[in-house]
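Please find one structure pasted underneath; my questions will follow.
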Amino acid sequence: MRFLAPLVNVAIFLALAPLFEGVLRKLTAKIQSRQGPPLHQPYLDLLKLLGKERLDSAGTWPFRFAPLLAFAAILAVAAVIPFGGRANILAGRMDVILVIYLLTLGGASVLFGALAGRNAFGLIGASREMVTMIMVEPILAMTLILGAVKLGSLSLAAAVPSAAGASYGISNALMLLVYLLALQAFVARQPFDIAEAEVELLEGPFIEYSGGNYALFKYAMMLKQMFYAWLFVSVFLPFLRTGVYPLDLLIQLLAMFVVFLLIGLVGSTNPRMRIDQAVRYYAVLIAAALAAVGLGVWGH
Amino acid sequence: MWLTSKFKQIVLALKPGTVTLKYPFETRPVPKDFRGRPVWDHTKCIGCGGCANHCPARTILLRDLCQEVRVLIYDGAKCTYCGRCAELCPEKAIVMSPEFELAAPRREDFSQTLELFMLTCNRCGRCFDMEIKNAIDKLDLRGYRYDNIETRTVLRRTTDRMEPAVLDETEAARRPERIGG
Amino acid sequence: MSTNRIISSLRAEFGEAVRGSSSPAAGRLLVDLDRSRLREAARFLINRGGRYQVGVGADERDRTQTFGLIHFFAFDRERFSIGLRTAAPASDPTFDSITPDIPSAGWTEREFRDLLGMRFPGHPKPKKLITADDWPDGIYPLRKDVPYNLVPPSTADVAYQLDEAPPGTTIVPVGPFHATLHEPAHFAVYVDGETIKHCDYRGFMAHRGIEKLCQTQVSYNEVPFIAERICGICGSVHSVAYCQAVEMAAGLSISRRAEFIRVVCLELERLHSHLLLIGVAGHLIGFDTVFMHAWRIREQVMWLSEKMTGNRKTYGMVVIGGVRRDITPEMKDEIFAVLKNLEAEIASFHKAVAGDSSIHGRTKGVGKVPTEEVVLWSLLGPVARGRGVDIDARRDFPYAAYDEIAFDVPVTTDGDVWGTIVVRLLELFESIKIIRQALDKMPSGPVLTEYGEALPAFRTGWSIVEAPRGESFHYVLTGEENRPERWRVRAPTYTNLQGIPRMLRDNQFADFPIILGSIDPCFSCTDRVAVVDRRSGRKRVWTKSEMDRLSRSRS
């Protein structure tokens, strides 16, 4: 059974990520007084994309390889995390650094593809994506490191679910705030969908992608936002536990649903920021996150 | 400032509820005087050609095949639904219907064709009054029309009499495409 | 400065070069001028507070063996418009360029260079503006000897030469098809990192040849319906402006009730156009909720128009002599009811967005142009009023029934994109006020005036109508064959677009959409002229795979 756990994680992520995307779209539609697409629309979108011609406009292997890499990286993350509060067989061999590494790899592969695509819009999108990564990754790292600092271990199994559970101090509260404020940036939603910026960059880094390759990127983005919702729930709401795995899983999924409602609400009531404004915003968040880790080291 | 605006925006957003419809399963009623697809009533049409003379899109063509038979074609693919034809029709033979969902697979599906049997007036050959009071409109032509129906070309060559020679001449009429023919 | 004073000072300054003057209507002046003094006279008018409106070129070889050119200037505060009419012999259609003094004349001169073969020595940017890149030299489509449906053979490998890139910049192509542009147009944006340094525009990709068509093919009363289709948003503006120009030229006066109904149509159009732009502006800064709700509120106006005129957008109400449908008492009550609801909804919308600091962050300080430069570039409408220039044709050149209606002209001095949006929001309330007054003050009577004879030929008329985007200008010279001899349309976007490179300079690339959006660009209005650019003459047929390869390869 413990051998199957990573596969179960991956299966749940693959099955539910488009549904959560559908929730976001439905919520956005309701806020905009529209009917909106049905909840299962993202599944259909992915299917449709898979059936479309896969253009290889760059004609180079990095261009073809990038979507696979992005998809594989996020799946690997999904496999190792203690989903439903239960550490799986891989967790013992993995640590927080690996998760950060895999998430960065996913982001880097988007850059990789955009640079290989050599499109003017893609390149601007890539440079924005790069700036965003540089500014946002530290916040993610601090979130995970705070737990590690508190427990004195980098292990995933120990660090994530009990990071806050050990003692919910000022540092955790501050980090919770920082995480909430950075959530839209993690999931690349308004006001921080700067790299894709539909009206000026026409989806930026993804502009040259089509068909199955684009579907992989889309799927990877959906999985990524599901991961960040899960990370929030498991790091900051560790008390939502009963000890019974299926029940915990259900509770976590419900909590993630609430996080998605929050993402949708903020996303649909804010304009997109400019990259220079966003950088100033991230800088404040990084400072606050550093302060939280400092407080954690100090023992609060 | 930011937060109060967000609050007002959410109120603004939630108050009206969902306003879009599940079209085409639900539709809004069409208002009374809507200008949809024009429909010709062949029993009322007297073949005066007022509609053809005033169609800004040149989408109504007339051709006199002989003294007695006049063909009127409405080529709906070019129609702009201005309703000028219905307004000017002296017999109210044209009605702007409420139909607006007009997509069709073939261009001909938009067309309406009327074959009108025309009587010959003893005095002038063909009698109808366009009953147009506007002086500008009165300047326009009346009588026989020789539009080329095949190539959808408007040829307002009108005379007081039916002229078979002109009819033959317009048989192959096309719009000029290049300078010098 | 009154009209008499300006004539006498022109005569004093230019003496014999002023050949004569006439006044076709109140507040309208035409001065005949020798072409050698054109540039000086244009500068003279600008220095005395004139605002350049547009130039009208015409092929008059059949009547006078000349090419005619009229430059129009508006004196907004003094409430008159003056045309400097000049002509050049057919053998040498050369006029001094006035663009070095008046940058907004640049397009007019380029347009007539393309369309009539006029030459403007001294023009700072003598490039093609209107005709297609592969349009052959020596065929000038607006000349009378060129048939309206001419399709010259096309050639491949001719491309527009973009401006020289400033050092250290890269070109980002925006267009011809781009999410920001809802119509085809090409902006080459020269960016240094994310900062815009320069911008070159190549538009006029959807020419429909409307002016040529209406001068050669249709009759007077068919033109309003074609004019209405110049623009997808401000159609009524164009049909009203055209009809007023014809009525002025022919000296027709129409019933007062019809004038009030025209006001109602124009203001309904302004309501839906401003709500549309405010929504689009929201979309352009990535705030789709603003977009959807502005359009939800707008929908009531569309339904009202549909009930009143028979169509949501192309009202088809205006013809020469009046309007086609009356406003019934029941309709009047319904309009009042809708306006009440609309006012409440717009007020709550205004409250929800006006104080939003996240919207301010994207629009304040963006696209800033100082007031002097707004005047220099003759910017129009909300684009100018949002930057402290108080012009509004409804007040300055009252037409239809606006002289009887009291309203305010909102002006802000922010000088940025936010200012233009605030002006539009406030104008919504003014429009509601205007419609209410118009319905109250409307006298009874017929709506269509009939007249007994043909319109006189070769009379001049020009009308100025405040479209939602700014001043629309229509010039009509009546003709002999029951159609205009010359009809010239200048939509506000034609002028405002010329100021876009100035508005973009030193802004962030991310702000390109909202800056362009803030002028509410209407490329279809701008592209109305010239001959159809059909590629039917192409000899080679590309297969799909070849096309794919071509479109994917980077030149």
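By written order: A, B and C. Residues from 1 in each chain.
In this text, a contact is a pair of C-beta atoms (placed from the backbone, for glycine too) under 8 Å apart; a residue touches a chain by one contact, two chains touch by 3 or more.
Quick caveat, the model's predicted, so the values are computed rather than measured.
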Pair of chains joined by more contacts [C-beta pairs], A-C or A-B: A-C
Most remote chain, CA-based centroid, reference being subunit C: A
Inter-chain centre distance, subunit B versus subunit C - centres from mean C-alpha coordinates, in Å: 29
Inter-centroid spacing, subunit B versus subunit A (mean Cα positions, whole Å): 58
Centre-of-Cα separation between subunit C and subunit A, whole angstrom: 47
Interface hub residues of subunit A, defined as touching at least two other chains: 31-34, 269-270
Touching two or more other chains - residue numbers and ranges from subunit B: 6, 9, 13, 16, 19
Contacts with 2+ other chains: residues of subunit C: 289-290, 293, 296, 358
Residues of subunit A touching subunit B in the complex: 30-35, 265, 269-270
Touch list for subunit C against partner subunit A, complex: 170-173, 178-180, 194, 282-293, 296, 358-359, 361-362, 508-513, 552, 554
List of subunit B residues in touch with subunit C within their complex: 1-2, 4-6, 8-9, 11-13, 16, 19, 31-35, 54-57, 80-84, 87, 96, 133-137, 139-140, 175-179
Residue numbers on subunit A that touch subunit C, as the complex places them: 28, 31-34, 55, 57, 118, 120-121, 124, 190-191, 193-194, 197-200, 202, 268-277
For the subunit C and subunit B complex, residues of the former touching the latter: 139, 146-147, 149-153, 218-223, 225-226, 229, 289-290, 293, 296, 299, 303, 306-307, 310-311, 314, 316, 320-321, 324-325, 348-349, 351-353, 355-358, 450-455, 482, 536
